[in-house]
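Quick one: the structure is below, and I'll ask about it shortly.
Labels for the chains are A, B, C and D, by order of writing; each one numbers its residues from 1.
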Amino acid sequence: MTAKMTMAQAINSALRDAMTADESVVVFGEDVGPLGGVFRVTEGLTHDFGEDRCFDTPLAESGIVGMAAGMAMNGMRPVVEMQFDAFAYPAFEQVVSHVAKFGNRTRGRLRLPMVIRIPYAGGIGGVEHHCDSSEAYYAHTAGLTVLAPANNTDAYALLRAAIESPDPVVYLEPKRHYFSNEAVDLAAADSTIGRAAVVRNGRDATLIAYGPSVPIALAAAEEAATEGRDLGVVDLRSIVPFDDDTVCEQVKHTGRAVVVAEAPGFASVASEIAARVTEHCFHYLEAPVRRVTGFDIPYPAPKLEHFHLPDTARILDAVDELQWEDAL
Amino acid sequence: MSSDQRDAASATMRVLDEAGDLADGADRPDADGLLAGYRQLVHGRRLNELAGALVRQGRLAVYPSSRGQEACQVACAAALSEGDWLFPTYRDAVAIATRGVDPVEVLSMLKGDWHCGYDAARHRVAPQATPLATQLLHAVGVAHAARLKGEDTVVMALCGDGATSEGDFHEACNFAAVFAAPVVFFVQNNKYAISVPLARQSVAPSLASKAVGYGMPGVRVDGNDLAALSTVLGDAVERGRRGAGPTLVEADTYRVEAHTNADDATRYRTADEVDEWAGRDPLTRVSAYLRGVGVLDDDIEAEFTTDADRMAARVREGLGVDVAPDPGELFAHVYATPTQQLVQQRAALQAEFDVEEAR
Amino acid sequence: MSSDQRDAASATMRVLDEAGDLADGADRPDADGLLAGYRQLVHGRRLNELAGALVRQGRLAVYPSSRGQEACQVACAAALSEGDWLFPTYRDAVAIATRGVDPVEVLSMLKGDWHCGYDAARHRVAPQATPLATQLLHAVGVAHAARLKGEDTVVMALCGDGATSEGDFHEACNFAAVFAAPVVFFVQNNKYAISVPLARQSVAPSLASKAVGYGMPGVRVDGNDLAALSTVLGDAVERGRRGAGPTLVEADTYRVEAHTNADDATRYRTADEVDEWAGRDPLTRVSAYLRGVGVLDDDIEAEFTTDADRMAARVREGLGVDVAPDPGELFAHVYATPTQQLVQQRAALQAEFDVEEAR
Amino acid sequence: MTAKMTMAQAINSALRDAMTADESVVVFGEDVGPLGGVFRVTEGLTHDFGEDRCFDTPLAESGIVGMAAGMAMNGMRPVVEMQFDAFAYPAFEQVVSHVAKFGNRTRGRLRLPMVIRIPYAGGIGGVEHHCDSSEAYYAHTAGLTVLAPANNTDAYALLRAAIESPDPVVYLEPKRHYFSNEAVDLAAADSTIGRAAVVRNGRDATLIAYGPSVPIALAAAEEAATEGRDLGVVDLRSIVPFDDDTVCEQVKHTGRAVVVAEAPGFASVASEIAARVTEHCFHYLEAPVRRVTGFDIPYPAPKLEHFHLPDTARILDAVDELQWEDAL
C-alpha cells in the first residue's frame, strides 16, 4: 500500500502506529501538544491519544530529557522532541551523563528505552541556532544509538525501530526534508538499526553519506553519470552502530571513496568514516578517502549558508581529486 | 524578607487603568515624561507594523512581533542610562530601537545578512538572544564585572514567561542575588511560549514570586501600563545603581500576534481571548490619560505619526539595499586570527568561484 | 498560597529540642516509632564509622560521610512504602541501607567494582547520583509515570544545599509542580558544598522558600530532630500519595566530617563551628527523650549496639571478598546487545590476555 | 631558573603570573577560593589577590561559564575551573552556543577572551564522572581553541598563552599528572598555541599523542628502542588549531603512524588525526594509520580502568601491525 506523504507525515505515522501498538509510548516536549509541533510532526496526537500520551512540558530541555529518563526507568517508552538541534544542548548533561550511561551503570538492570527526536541540520535559511549538525556529539558518546534517515520510508521504519529499541536513541530528522513529498509503503518499510543501504550501485567510486546529505550525494552521482563516471552511494542510516560490512564492501569494490556530511569536518562523524574505511580498506584504496563537509565554522546566516553546505559541485570536485591519473 | 514584600510579588502594580484613568492610590505620573514615552510607543507600534508588512512582502524572513507589549519595550529601554547594558531577546527589536540602535541594523538579522546587525559593544546592547534564558547569565557577568571595576553600570536583562522555566534563568537569578549584581530581570509575561500557555509553565502565584527563593525583591506590574512600568523599572535600576542588588520584575502583558508570522495561533487560543487583550492596548491608555490632562492633542498625535512614518520609510529604504554577501566573512570572525585550517578552507571556497568564473 | 504558608518556609519545625525535651507546642511523638528510628540511627552511625575506618584501612577509596545527618538519612527512607522510590546522592548510603539495601552492595561502588553495586530496579533505589541535582529530574519522571499508570507511588528525591543552585534543581521542582507529580524534594542543608558555605550558595531567607516560586509547599525542619523529620516527611509523602503534588522540605543540619576523607575541612571552617554542631547530635537527642519517657534503657541501647556491631562485622567481611574484575563486563552492558564494534573491541582485549598468558 | 614543581604548581604559577601581569584576569568556580580547588591548583590566590580576583561561585556550571562570558564582554579575562571533566557538561549550551560563537556572531566586536580549565581524563581510579576524556566535544565546536599540555613546562606556558589569547580556550589539564614533580624553567617556557612539539625523533614510525597520552607514548617508544625499533613521538599540545605541518613532516619521514588517545575512538580527535594525516600523507604511508584509544564505552569503574586505557603494550601491538613485512 503505497501512499504519498511528507517526511513529517511519515514520522507522524510512526508515532501514531507505535502509540497504538504500545500503551507505554508517550510523546512530549515543547509545543508538541495542541499545536502539533513547530514542524507539525506531532499533529493530532494529543487529540487522538489524549493529554496523557502526548503533552507539552514547561520550557526546559534538560527537564524534558531528564524526566523522560525517569519515565523510562518506570516502564514507559518516552519519545521526546527537542525543538531544534541547537536547543538540545541544554540537555547535554542529561544525555551524556545519564541517558547514555544508565544501562551500563546498572549492569543492564535499568535500561532507558527512550527516543530523543531532533529536527536537524540546515538548508532551510534558518536564523542562528536553528541549523546545527550536532551528530558528532552524540556519535562520540558511548551508549547512544544515533540514527539519521534520508528518506520517508526510512524515517518511518527507523523511528519504529528506535521506539522498540531497549536502548536510548538519538533520532536526527533532516528538517529540510520535512515537507518533501514521496511515495511511501509503510507496511513494507523495515529498516534495521545498524544496517546501511546501498542506494546506488557504482563501479568507480563510493559516496558515503547520511541524513540530509544522501539526496545530494545521489544528485552528484546522477550528474557524474552524465560525465561517464559511475558512482555508488551508501546511505548509512545508522551512524551508531556503524555498518562496517556494507560500507567496506562498496569501498573495496570501487577503491575510491568520498564522505559527504554537512557538519563541520573536524573531529566529526565524517572523520570517523574516513579513518575507519582507511583502516579496513587500506590496500584497496587508490586514493585517500576525501571528506566533503561543512567548513569548521559556526553555521552561517541564511544568505551565506549555500557557501557552506556541501553541494554536487563540491562532491564532484572531490571525486575528481581521487587520483584517477593513477588508474590510467 | 517580610511576608508583605512577598505578597507584593503577587499583587500587580498599576498607575493607569485600562480607560486611562488614574488607578486607586496611584501617584500622578509626570505628564511630560509620559508624553515622551507615548511618542516612543507610537514609534514602537509603527516598527512592529512595518516589520510585519516586510515579512508579508518577503523582505524579511521572519518577525517575532511585540505588538501589545510596546509599553514593556519602551519602558525597559528608557529606564537605562547610556553606560548601562540591555540584554534583549528575539522579540525585543522595539526595545533595542528605543535604546537608539538603528532599526535597519536591528532588522538586518532577519534579512539573513548576519547573526547580529548592530554593534553590540558600542551600543551596549547584546545581540538578540535566541537560546532562551542563556543571555541572563551574560547579563550577570557584565554587571558583576562592572562592580569589580567600580563602575555604576546597571544591566537590564529581558526574557519571556516561557524562559523562566529554563535552568539558566535560575542560575542567573541566584548568581545575581549572591553577588548583589546590578541586574534588573525583566520578564515579559505575555502568557504564551509559542503555543504553550502560562499554566503549563508555572503554577506559582506569580512569576515575580520566584524572587523569594533568590532573596531578591520581586515586583509584578501591569505590562500595558507605561506609567507603572516606568516607575517600577526606574526603581529597580536605581536599586542596582546604588549597589543594592538585583530585582525581578514581571510584566503582566499579552502577545497579541502569533509567536512569529510562521505560527498559527488559532490552533491554541481563542479569538475572544485575543480581542480581550487587544482592548487593553498600551497606547490608547496613555493617550487617553494625556488627552485627559491636556498634554496630548490631535496636532501632537499627528506629529508623532508623521515622525513614525518617516522612520518607517527610512527603515524600508535602508533594508531595501541588498549587499552581496561576502563568502570570506564565513572565516573572518571565527577566531581573532583565522587558523591555518580556516585559511585553507577559505582558499578552497575561493577556488570554487574562480573555477565558476573561468567557465 | 497565603503569606502564612510562605512564612512557614522560613520558620524551622521542631519536635524535640537539643536536650531531648519536647519543643514548645509540639505534639508528643509516638515513642515506639521513635525507638525503632533510634535503632536505625545507631545502625546508621555505625555504618558511617565503619566506612570511615575502611577508608583509613585502604579498603574503600573514598567515603562521603553523613555523620551528623543520620536523622535525615533514617527519616527519609523510613517515610517510604515498599512501592515507593528513593533517589539518593553519593552521601546517602545510610538512607539506602535504611531502606533495606545490603550495605555491602552499597559500599561496593566505593571499592571500585562497578558504578552501582545494588539492583536499583528491585529496591526502587536509583543509583547514587554524582552529577548534582540531575537525579531530581529522573525522580519527577518516575513519579509522573506512576501517576499516568494509576499507581500511588511516591518518590523521595534527595539533594544537598549546594545542589539547589543547579539548573536541574529548578527544572525538576517546576516540572513536578506543573504536573503535580508525587515527589518529595528533600534538601539536606548541611551548610557546605565541599568548602563553599551556604552564604555563597543562596541569600534567600531559607532554601525551603524556593518552593514559593514553584507554587508548592515548602517546609523547613530541624534536620537533627528525627521526630520532626518523621512528621514533616510523612506529611509530604502522604500529600504526594493523595495526588496533591510535590513538597520541598529543607532540613537544617550539618556535615560534621569533611566532604570526604580526601577533603581538608580545616581550610575553610573553624573547629568551634564543628564542635557546636557536634553538640547537636541527632542520636543523643532521641536517646535522651526516649530515656526520659522510659522507653529506652541501657539494655536496649546495648542490644542496638550489638546489632550494629554485628552488621558492621558482616559488612566488613562482605567487602573483604575480592572478586577479580571481569574485563568482558566493560562491553556487556553498554547496549542491550553489544554492537559489532564492541564485540570486536572485546575480542581485541581478550587477545591481549591470550598473548600475555602465552608468554 | 629551573625549579622542581608539580603540574598543579606550574598551573598555579601561570595563574599567579597572569593575575600579576594583568588586572583584568579573574579566577572563579567551585571551591577555587579559600580551599584552593579540589586539586589545589588555585591555592593561595584568594589570599594573595583578594576575593574579587579569585572567588567561589554558587554551584552551577552553566552559571559559571555564562557569567564568565558576560565578564569577558565587559573587559575582563575570566579563567574558570570546571571541577571535573564530566561536570562541565551542564555548561555545554553556554560553551557551544555562546562562548564558541560570540566573536563570530558579532563580527569580532565582542570577542570573549576567557579560559575554561578542565581537570581532565582518567588514570586516577576515580569514581564515575571523574575521568571523562571530553576533548572531542570541544574540538568539534568551531570557535574554540583546545589545548592539552603533557608536561609541566607546557602546562605553564600554554596557560599563559591561553589567558592572553583573544579567543576562548578550553584548557585540558591531565589530572593524573597534577602531582608529578618535574624540573621546570618557567622563564624559558614558551609554547605557542597551534604548535606541536616533536618530543622524540624516530625513523621507523611516528606516535601522535596529546595530554596524558604523551608520557605513555614516550614510554612505548623507549620500550620499542630496546627491541630495535626507532619510534618518534609528536606531542600535539594544541588540538585546535591543529599543527598539520609538524605532524605531517614526521609522518612523511617515517611512513607509519599510530595515534594514541584515551577517549573512546569513535568520532574522536584520534579519528580526525588519522583522517587528516592520511589525506595529507597518503602516498608516503606504508600502512594505514592505527588508532590506539579507549574503547567505545563509558569510562569504567576504578578496578577496570586499566583494561580500558591505552598502555605501552597496546601501542606496541599497534606498531607491530603496521605491515612491516611490506618493508622487507
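Rule of thumb we're sticking to: a residue touches a chain if its C-beta (ideal position, glycine included) is under 8 Å from a C-beta of that chain, and two chains touch if they have at least 3 such contacts.
Chains and their UniProt names: A, D = 3-methyl-2-oxobutanoate dehydrogenase (2-methylpropanoyl-transferring); B, C = 2-oxoisovalerate dehydrogenase subunit alpha.
Everything numeric in this text was worked out from a predicted model, so none of it was measured.
Of the two chain pairs shown, A-B and A-C, the one joined by more C-beta contacts is A-C.
When each chain is reduced to the average of its Cα atoms, B sits farthest from chain D.
Distance from the chain A centre to the chain B centre is 36 Å, each centre being the mean of its Cα atoms.
Chain geometry summary: the mean Cα position of chain A and that of chain D are 30 Å apart.
Centroids built from CA atoms put chain C at 44 Å from chain B.
Here the CA centre of chain A is 40 Å from the CA centre of chain C. Residue positions 114-115, 131, 165-168, 170-171, 174, 178, 200-202, 329, 334, 339, 341 of chain C are each in touch with at least two other chains. Annotation for chain A: residues 57-58, 60, 62-63, 86, 89-90, 93, 97, 101, 104-105, 128-129, 142-143, 240, 242, 266, 295-298 touch two or more other chains. Taken together, the chain B residues at the contact with chain C in this complex read 1, 3-4, 6-7, 165-171, 174, 177-178, 200-205, 209-216.
Contact residues of chain A toward chain D in the complex are 62, 86, 89-90, 92-93, 96-97, 100-101, 104-105, 128-129, 136-137, 139-140, 142-143, 240, 242, 263-264, 266-272, 274-276, 278-279, 282, 285, 287-291, 295-298. Contact residues on chain C toward chain A in their complex (touch as defined above): 85, 114-116, 119-122, 126-127, 131, 134, 136-146, 148-149, 153, 167-168, 170-172, 174-175, 178, 329, 332-336, 339-341. Within the complex formed with chain C, the chain A residues making contact are 26, 52, 57-58, 60, 62-63, 65-76, 78, 90, 93-94, 97-98, 101-111, 142-143, 145, 165-167, 194, 240-242, 244-245.
Chain D makes touch with chain C in their complex at residues 30-31, 33-36, 38, 56-60, 62-63, 86-87, 89-90, 125, 127-130, 266, 295-298, 300-304, 307-308, 313-314, 317.
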